[in-house]
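The following pair of complexes shares a single chain, chain A, combined with chain B in the former and chain C in the latter.
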Partner chain A sequence: MAGHLRCLIADRLRRFEPGVLLCLALIAVLVFLVAGPMVRLLISSVQETETGRLTLANYRDAYGSLHCLRALVNSLKLGLGVAFLAGVLGIPIAWAVSRTDMPAKSFVRFMVLGAFIIPPYLGAIGWILLAGPNSGWLNRAWMSLAGTDHGVFNIYSMTGLIVVVGLSSFPFVFVATNSALDLVSSEMEDAANILGAGALRTTIRVTLPVVLPAILGGLIVSFLEAIALFGAPAMIALPARFHVVATQLWQFFEYPARVEEAAAYSLPLLLITVLMLWLQRVLTGRRGYIAVTGKGGERRMVRLGRWRWGMLLYALVVAALSLLLPVSVLLHAAFAKAWGRGFSLGNLTLGNFRYLLYEQSQAQQAIVNTFLYAGASAFVAIGLSLAAAYVVSRRLVRWSNSLDLLCMAPLVIPGIVLAIGFYSAYAAPPFALYGSAVIMILAFTVRFLPIAYTSTSAGLRSINPEVEEAVRILGGSRLTAIARVLAPLLKRSLAGAWIMVFIAAARELSTAILLVTPDTRVISVVLLDLSEEGNFEVLAALGTILLAVSMAIAAVGSRVIGRDFMLHRG
Partner chain B sequence: MSKLVLRGIEKRFGETLAVDGLELALEEGEFVSLLGPSGCGKTTTLRMIAGFVDPSSGTIEVDGKVLSSPAGSVPPEKRGMSMIFQSYAVWPNMTVEQNVAFGLELQRLPGAQTRRRVHNMLEVVRMNHVARRYPAELSGGQQQRVALARALVVQPSVLLLDEPLSNLDAGLREEMRIEIRRLHDEFRITTVYVTHDQTEAMVTSDRIAVMNRGRLEQVDEPRALYTRPRTRFVAGFIGRTNFIEGICDGTAIAFQWFSLPRNALPDADGLSGKVVFSVRPQSLRLAKTGAQGLEKGPSIEVTVLERAYLGEHWDYAVMPVTGAASLRVTAPPHEIYEKGQALWLHIDPRWMVPVA
Partner chain C sequence: MPANVARREILKCGSAAFALAAVVGTPRAASAAPSGSIGDLYQAAKREGELTWYTAHCDDATAQAVGHGFEALYPGIRVSVMRTTAQVAFQRVSQELKAGALQVDVLSSSDVGHYAWLKERKLLERFEPENAGKVLDAYQHYDPDGYYFVTAAALVGMASNTARVRQGEAPRNWSELADPKWKDRIAVGHPGFSGYVGIWAVMMRKLYGWRFFESLASNNPQIGRSINDAITLLNAGERSLAATALVGTAAESAQKGNPLAMIYPSDGTVLILAPTGIVKGVRHPNAARLFVEYLLSVEASRIWADRFFEPIRPEVAPSAGVKSGREIKTIRPSAEEIVRGIPEVTRQWRDTFGV
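On to the complex of A and B.
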């Protein structure tokens, strides 16, 4: 009887909880997008191409040749070289901006932000125009100065590659160091001063050790950026006749595509990334060591005296090498009939842009595709991460934390590895997504999901749940609360996340390169083709279009959301 | 019939029992406070009434209809209640007007009627002059008034308040608790008010339910709660008090210094064995001489141990000549005694209350 009554009450009262359904659907989608490709990648690596039987042959073939092993070593060399260079470039400037009386700090910050926005492959093109053997601007300047007929710089070398990638990834180290330094209070330095330590000694013995974990974290990120990079190595290493892992992986997709071997060969890249990011977490997560108390207290600036001009000069040289010089030669080439003919009115033309926008239908298609895919994936990524962040923060279901994990997991997947995973999971039937816009959008979505998730969940956490409960007690559903209150309050962080994903996806090459077909090409892929053809004027014009749109959107973003939104990412 | 009934409410979070066998019934239009120290389960109880939390066992009924049970609950948005939150939870993306109108919009009230009711309600809380402002432009007290207006304008069946004054400064808090009572007298909405501040509860409430460690200790009118506390916890939590022990035997109760006939004390029938009595500091009187005939009760010899002048009264700690524990006494400002002075302490047995 009592049981019967209970059932009756249960039936009448059992509320329809859309939260649980939403959560189940969300987990299904995230498993499909994030876990699916990775599981498929692992399975492919131990399958025979034709029969699908279990085998270790892929590993034997992938690592059996000296060629492939050398590519692995090259990637490590590249990563270490880039991390070193990024440290040399990024740390002093970060310190100078945060702690000294160096002049023109905001200009220097602005330059670093600019270097962040330039995709590494455009930097590579800029440097090919600057330091290509004999024909590059710097070499020609040297030849005319020294009166020789041989240039001194050769960008087509490992050193050249390290310089190009290092110049594009030092902002990672800058941001990590700078934000850590901003949080160290002057009182800690005062304590050393009062005991008799001078400015230099204090910096070396107190300030730097305290921010060291953050610096190491930044170096690790630039190392990982470098080994996962595809574009710049493809433009510089291939003409120099050596491979890195990313370009080698691409080779496996030359007809006939050996996807299984590629899967096997991509695992070290994945493992290194997982390990290094774990290390970075451990380093930067050790509280008590990093004195990040949240409020930095008042900070006095270190007086550099005459050295402040020396410091500024250093920062300006870095800015010139990473941003001003490459962008100038790119712009010059974009508006030149032939870039080698130099600066003259007769060489000036809009023909490259006209060619791209009106004559070359492939380029038109690629431009439309790029911004369409980037915009769409930004919407999808934000929709997914908002839903996931909501479920996690409101603990709608007990296992909601798994959503957190799924949304952040793509952080450890290099773009080209993600592309291999997507290819092996969804290119073939039953999904048969290869060649569709859908696979591009979904791959970009997954690639940049952590960016979107980090900022939406941070935004959501900053809102008191009572604000939402106030809607519900007055008769509004969860959806009403989200639509009428949460979404308006999150507007800024959602817009910021959208812009970050959009810019990142618009320039993405390493994920795109294995998934594109003639109909779904994007700007970055066309740029790579143009560089192989040596058509640098048209390439520069296309790059300029990409940059102009990215910059315009970043400018809107900083107007709406605040100046440094790109520099404070998770 | 009672308006709101909690029957055997229990709430478990993992191993801990946050609310333990709560029984409470509110009459239509009654104002009841849930009073207790932090962590006593009062906010959990309020959130169960609101429907944000399901009880582990027991039921919550409004107008005889079961709204909450372990098997399932009516969601908060279908309960027709309203609530005022600790953080006020005034929506920062809407103006004062829009905040107050929101609940009426959800009820799909015609626009003209909504506008009129919003206007009238803002009049009542004296906020019409800032109707077009955004919450960020208001002070804490003004935001609180918006929250009040927003909750009252929908004419809820039950109004819930979750420590609504804890974020305000002292002066404003005093003003707002009188305001809350004034609004209750005007609208007579059945109200549950959660607070840890006894003064707040005493100013606003018809009855106070004192909670401790998830259990209900006593539910009574403010005056009864102070003069007739039933448990040690209530006696100690509501105001300050002294505890003295007596042994009940036959018609007499024997204390350390004196003995009293059982009928001199209220509520002393049926007691036996060792019993603890609560004696309020206000019911004790210090004098330079012993029994003067005017006094109804016994006197004992004491010396002044410590004293503090608090403006409105003196706070003395005195030690009986034969005894180990000191007693607290409140005296009017003009009764000035020195530290170490020997005095007589008069005890009025009518204020000695046995506590469990």
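On to the complex of A and C.
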């Protein structure tokens, strides 16, 4: 018996691979990073603040007040409004770019990419300068044209907020729809045409239904982004006299801070997100959409005739609203002594940049921090997701799917909720990470792990394991295979993922807002502080720096990776 | 003032060498040759090398100027200035206390309630600044036990955009804010963010009851966060009348060419005593003490006066550009009224205004 057992152990040991060890270490790290904060959040939500005793009072307090419930309703309104608007803006353009002979397609694509890079809070500031009820440029133009003393646009309203957030999140719908449409061949459309349907009817009854799951996926993502935002609502909803969940959550951190109540209040946000993603999975997982399974088949462009100019005009209007107008007013403010004074040589100055870089004791450090943390978290996220994706795709261990789950789980965690989780779990001793760069980098890593994981695992799946097996047959170790064969093959998708995470982390506000300390401040948080006192000129200057660096990195990315950069999601 | 402006200009050029030369060159540097216990404190502080100052006492530019003033006076110690609203500053401190990782060294909140809360939990450091007894009598012994000190004083009145409000049309006292002619024209800060606005709200409630705010609400004011936000809205032409205007910020803004006029209400301009304290267990205790000494010094008072704030030292005359609390009628709630009042008015505010 004992001999048999010894034999069994020896057998196991012989087959034991370093891969298993790697896998165990990986799971430990992911549990620490992803599961830890969330479990801690759940526990906090049923604890008493001072004593730590078990209680349900946090839930009672968090939902007992009318304000909190109203904020929840507002968040839902915002999410639905944004998803609707993102659809209206994103779907036609995606269709036009993918399926029609609309002119200037690559320019339109470039504009959408640009809109993607603008963080919603900068868009919000741009739109405050454009559509402030009395002082916004658009309203002033209207007032002088129509000769009235009242503007037509009021940014400080729910509609205003929906427009601002919708304009910054329609690229999600565009990307999802566009990449699905790119895979649909024209055969079914031809069939419809032969049976007598016109181009419009075919598009509405055939083409779009085929990619419906992808569209819904995009709409859900923009819904989720909208309800998780903090910055844009803080700047617009407050003057408009309403709260959303994220701004309400922030209030729990007022003195005396009620982290436990915040934890309780943040759970529905988490639940809604889980529900939505489940819905998306059900929808996209449905069978019967085999038309979208591969690139086969001929694709012909729909001829729009005269309408192609109309379509282009629509795309340009969207580009103007989402990118050109807000960026130009931001640039104007960044180089203006006082933005309200308008365009004149006398109003031009570099003073805002000089103030930021030489007098303000925080901005310089914040700029360095931002790009340092974004770069570091991109590396960590890529490293983790590459290892996890490898273990999963090569099925190194039987329970490798748990890794898949852990890597994708942060998708359901809104940034501010993640921050509360990180704060409760790792701020205090024994970890004592509060105030360190580490907690910021780790939080960003977790927040954007799904982005990195999706693209690395898609890249890995496209590589046939035989390539690797060849190395092993020739006597190379698994590590040699990874380092010498896989990594070079994956170079482009890894670089693409790195840039995506970098840009997302550099602009991230809601995760940072509760974790920053004086030494670890990042641009987004400095921007928020500057917005408190309405210091728009300096704020715009700092925003310009952020945008310039992000755009430069994205430009390098699209150079290296080509047309598909950022516009294909796994 | 000229020496100070020159220094500011030079710092703008970003040349540390020039800045240093300017400091050595000013006659003030001679008087700053530290002696006695402040000198010992300076030596100890220099070994710590830096400090972090959370302040809600003024706008960002003024706070940075005060910080640079300290660095010029005490070379070798870097000040990291975190300017934010009082409630956000305190939120950060309480997060740090909870995590057991203090980042703050010197806390300058404008809400005295924060110090009361900290003192009650024995979280404030007690010490006797040499300069504490040298400020104007009105600013001494704010805390009888010596845990926190008035280091800045400011006036809160109203301000109007002169391009949009005719002379003579502007309100003369607080209760005129209820006049329907101001509908959609008023800008105001938020007591849930700004300590100054909180103290102002406590005072208004004391004078006119909560009804004051209900009539204000019917005029649909635009609510910002910081007290300074109201001035920005006036400058932009978004609103025409600031119901909460910090004299310093408004005057500085007017100096830059914005069409602003201060209003000192006949029923009293709100005088705010802005306290500073050191939280127990900070990372740079000596630098923190030295900084509090500095805030109470003639040098700091000069910078504040340059920026149109009330100088707290008798040696320094108030700026000629604005009226001083020494010459007009001022009103202020007591420390106890503020401690009790701010959480109450914030709650009431949220009920009345919805945010």
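The rule is simple: the second predicted complex is superposed on the first by the 549 of 570 C-alpha atoms of A that agree within 3 Å, B and C clash if a C-alpha of one lies under 4 Å from a C-alpha of the other, contacts with A are read in each partner's own complex, and residues count from 1 in each chain.
Keep in mind that, in the parts below, contacts are C-beta pairs under 8 Å (C-beta built on N, C-alpha and C of every residue); 3 or more make two chains touch, one makes a residue touch a chain.
On a predicted model such as this, the values are computed, not experimentally measured, just so you know.
Of the two partner chains, chain B is the only one that A:E466 touches; chain C does not reach it. In the superposed model, A:Y63 makes contact with neither chain B nor chain C. Using the contact criterion defined above for the overlaid structures, shared-chain residue A:L357 touches chain C, although it does not reach chain B.
In the superposition on chain A, A:L474 makes contact with chain B only, while chain C stays out of contact range.
When the two structures are aligned on the shared chain, A:N535 is found in touch with chain C, with no touch to chain B. By the document's definition of touching, of the two partners only chain B reaches A:L489; chain C does not.
Touching more residues of chain A than its counterpart among chain B and chain C is C.
Residue contacts after overlaying the shared chain place A:P239 against chain C, while chain B stays out of touching range. By the touch criterion defined above, A:F84 reaches neither chain B nor chain C. Chain A residues in contact with chain B (one complex) as well as with chain C (other complex) do not exist.
Partner chain B is touched in their complex by these residues of chain A: 6-7, 9-10, 12-15, 464, 466-467, 469-477, 480, 484-485, 488-489. Contact residues of chain C toward chain A in the complex are 11-14, 52, 54, 59-61, 64, 67-68, 78-85, 87-88, 90-92, 94-96, 98-101, 103-104, 114, 117, 190, 192-193, 222-226, 228-229, 231-233, 235-239, 256-258, 350, 353-355. The touching residues of chain A, when paired with chain C in their complex, are 67, 132-135, 156, 237-239, 241-243, 251, 253-257, 259, 337-340, 354-355, 357-362, 423, 427-429, 432, 434-435, 514, 517-519, 529-536, 538.
Taken in their complex, chain B has these residues touching chain A: 50-52, 66, 69, 71-83, 85-87, 89-93, 102-103, 106-107, 147, 150-151, 154, 160.
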